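Shown below is the structure under consideration.
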Amino acid sequence: MWIDLVIKFALAGIVLFAVLNLAGIQTWVERKQSAVMQDRVGANRAYFTLPWWWAAPINWLLRKIGGLGLLHPLADVIKLLTKEDFVPASGSRLLHWLAPWISVFFALVAFAAIPFGDSLHLFGRTIELQVAHLDAALLYVLALASIGIYGVILAGLASGNNLATLGGLRAASQMFAYEIALGVSLIGVILWYGTLDLQEIIRRQGDLLGGWLPAWGVCVQPLGCVIFMTAALAETKRIPFDLPEGEPEIIGYFVEYSGMKFGLFFLTDFVETVLVAALTTVLFFGGWQIPWLAPGAFSPNVMALLGVGAFTLKVCVFLWLFMAIRWTLPRFRYDQLMRLGWKILFPLSLANIGATGVLRVLVR
Amino acid sequence: MATLSDQLLHRIREAHRRRTLSWWERIYLPAIAQGLWVTSVHFWRNLFLHLAHRVGLFRRIPAAVTVQYPDEQRPTAPRLRTRHRLMQREDGTPRCVGCMLCETVCPAKCIYIVPGEHPDPSVEKYARSFDLDLGKCVYCGYCVEVCPEDAIRMDTQRHDIAAFSRDGMWLDIIELLHPGSRKHTDPPKKFIQLELEDFRRLKQSG
Amino acid sequence: MAEPVKTVTLTVDGKSVTVPPGTTVLQACEQADSPVPFYCYHPGLSIAGNCRICLVEIEKAPKLQIACYTQAAEGMVVRTASDNVLQGRQDVLEFLLVNHPLDCPVCDQAGECWLQDYYMAYGLYNQKFDEQKVKKSAKAVSIGPTVMLDMERCILCSRCVRFCDEITKTGELGIFNRGDHSELGIHPGKPLDNPYAGNVVDVCPVGALTDKDFRFKCRVWYLGSTSSVCPGCSKGCNIEIHDNRERGQRPHIAQGRRIMRLKPRYNPDVNQWWMCDEGRYGYKFIDENRLTQVQLRDGSGYRAGSWDEALGLLTQTLRRLKDAQQLDRAGVVLSTHLTNEDLYVAKRVFGGFGIRSLAVQPARQGSQDDFLRRADKSPNTRGAQAMGLSFDVKAVLERAARKELSLLWVFGGDLVELAGEAQAKTIADSVDLLVFQGSNVNRTCQLAHMILPSAVYAEKDGTFTNEAGRVQRIRQAVQPLGEAKPEWRVLLDVADRTGFLWEFRDAQGVFGSLASHEAAFKGLSYDVLGDQGAMLPQKGSDPSGKGSDPNR
């Protein structure tokens, strides 16, 4: 009924708000974290002041957060919006415009199936903290993540630039290769928990194995976890898997993009990173579960809110980890990339399925 | 082409040969973890120091090696080739005799000299106009090297050539004799030709 | 002339050379491809033998001998590159440079200085001299209207003194005092001021005598050189045009002017090694007061037009006259400053139209002497005569003044100078279209209805015929300024538009056609002319033979 619609809109708004903000803040984190890791200062210049005398305290604050570089994302957005939006004469205007929107749209829509908390009980209603409660949520997320390839290929083809086309094809072959390892590695999880419903998967991770070890995916599927994280990182096309982009040397699919259309690709990158962090949390690190906390310690609603906090914290930790990996490892060579995808991750994930199956039968 | 000696060939082969990696090394994960450990140590140490600096602690331990360029400048080595200047005689006239050797030797062809007749026959010639287009200059220092009068030097320690236009990178003879006298928003006086009296007056007016 | 020719055979560096008697060893060495360095020797002057750099080793002579003053003798064995000779040259050079200042950077001669050249070739010694140099009194002094003297740089070779004594016979210069106080100078109150004074700068092997006109203007290593012929008078002295070949990158040199100086070029039959000052400094018009664009009269003023527009207008006028059978209403005034090619194409094109009022403007008369300068101050009077062109320009102008012409096309010359101010104005008012085609601004420009810029001699290829009938080539040294074009090119364009078809597209082709159509030029071509030119063939004589110049 109407109230359900309002609740769904509110949930969608919250998720969208959180995801976009996380992505935006990541541009700052990207700069700052890399700088701190490399003994640099990082972004610390962009700030503005208001011209009125009564704005002095605000200006003081603006200077402070400007000194932290927090206004750089804002400056970036202004820059991207005011830059010339260039479409090559040999390119296809419509597809060139469509490609970044496809990329960012499907990356955002995938969040609908991510549960970020336990059910909330308010005014006699049970509100699932998830935009869309799907039985096959895992398949839905995988499917939407795969559609992102279209954006990349379209961008490469619509640019009317041979180098961009090559970049797009490179991106496609990389994403296909890792898509398979990604999907196959998750079969272990499905086998173990026996469901495709993400909320259900999280609930089943609430147990303690042997009384002390949380029954998280990482504990029962360690190999699957490593394969998933590797393949998922490759899906985000970030270093060390940034061969589709590699703008300084090998030129990627968005070489002909400028302005906010380039910004959308940039945003997609960060949104996908958040998505991968959220999926890792959900599948392998207990989602919103807080280990060793007795289920009845607080009232159910407080527990649910604490769960949301735990989920957010876990996601942030993974974002930090992905960022650290990005600034630690050098880029793969293309043959190394393909070998890793097809000859190592794929057989390993197959082996993982077999081992899980055997283990599952034995444990039961 | 001379053939490579056996010794050299051997060394090249040695350099090309790859060390065979153990299984532990080949799964790479430990190395990745090691790398992450190094970067994370830096991250947390520097994060702590940055925060500590904010509240005034551990100021003496630097958290970053960055030089905040326009605000703070690193001292440059005296032999660094920086922006040019023309040397003056005691009365403020240029030491340059307009022999055009620098103009000739300049590989970027960025020096433009118009010579004039000097009233003192033992000097004979002087530069009425001496222009240098920093937009073309490659800072090779040949002009300094070739000058028979030590009239041009590259030791002003100025290395910023920011300008709003190509013209803004043009150095006229006044700017060259008195580095820093022209505001970078002012247009240069291209090919301005000065008499000896003008040079003396310029020196007096500072 | 069946006189038995005596010859002398000698050996230079192991090579046997046969020379006429009276030849010096230096000339014999040159003939044997073993050139000897020299300063004071000049083939056009008497032999002084005072610089001593031309030392050679002659077998059976006790010491090294100077090659310039020793006559070649039968059986002589000369060595020009033995250790002794090289050591001797080095020592002589060290003596010559004892009092020479090290001011090459400010010296205009640097780059074409024989001291520099020979030091690099034969010097390169460690200096043993550590006394004070003797300071000469004169440094950068004017010794005449065109020449500056720097006594410090002089090596006292006395070439300039001999030039003034022997060639101009004016004797202004002399060497005063003795020993290392010897100085070149002028007599008090008698400056070096003769019509050939500029040549002393050419003969000076070092930077002691420099040209005021060229002083500090341009470094010599920026200069490009093109062989040409002086257009200053009908003598047709051979010259080299020195232009600033780096003006693209160095536009500031000499305010962007292109031609830096003229130098005489050796031609035994015309000017030998010399040229007069009038011609030497007569190059200024190449870069000054030039007409650079097509201009069309617009009311009382002028507006810029294009070649397309101007040629269209001309073609239209000519065609209208032709259609109306009124071609006798067109007149052309040519000039003796035009090249043979220009005159020929004009004759053909206008003749082809049937225009009969065509005359060459007679040359301006000026001062002359019995050496190089001629009263006829135009380079090509003889060429116009040889082509049989009429010089009756008065008749054309009178017809114009009587309103019998509707088109008058004036090439180069100044109508006002020719006809006087009043008549020129009358002519301009009475013709429908007065075309002036010239290179420089003059008073006719204010009267003409159409001004076409043309290239000067330094901007085009072509030939001039001098007063003796010697056809000599001029070559393009620089690109035409602005929209300027050679006259023959413009005439060909007009011809093209009116339906004539021409088989040639360059000056060489024009000359080929000229040689085959004009009897006076029969057998000539650019290949035959070469660098030194060739005489117009006399009836029955061989055109390619270098005929003797009666003025020699």
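Every chain is named by a letter (A, B and C) in the order it is written, and numbering of its residues begins at 1.
Please note the rule applied: a residue touches a chain if its C-beta (ideal position, glycine included) is under 8 Å from a C-beta of that chain, and two chains touch if they have at least 3 such contacts.
Since we're looking at a predicted model, the values are computed, not measured.
Taking the mean Cα position of each chain as its centre, A sits at the greatest distance from chain C. Once CA atoms are averaged chain by chain and compared with the all-protein CA average, the nearest chain turns out to be B. Chain A and chain B have CA centres that are 45 Å apart.
Rounded to whole angstrom, the centroid-to-centroid distance between chain A and chain C, based on C-alpha atoms, equals 83 Å. Separating the CA-averaged centres of chain B and chain C is a span of 49 Å. Contact residues on chain B toward chain C in their complex (touch as defined above): 97-101, 103-104, 109, 112-117, 121-122, 124-125, 129, 131, 148-149, 191. On the chain C side of its complex with chain B, the touching residues are 103, 105-106, 139-141, 215-216, 219, 221-222, 249-250, 252-253. Residue ranges of chain A in contact with chain B, taken from their complex: 33, 35-41, 226, 324-325, 327-329. Across the interface of their complex, chain A is touched by residues 29, 32, 35-36, 38-40, 42-43, 46-47, 50, 63-66, 68 of chain B.
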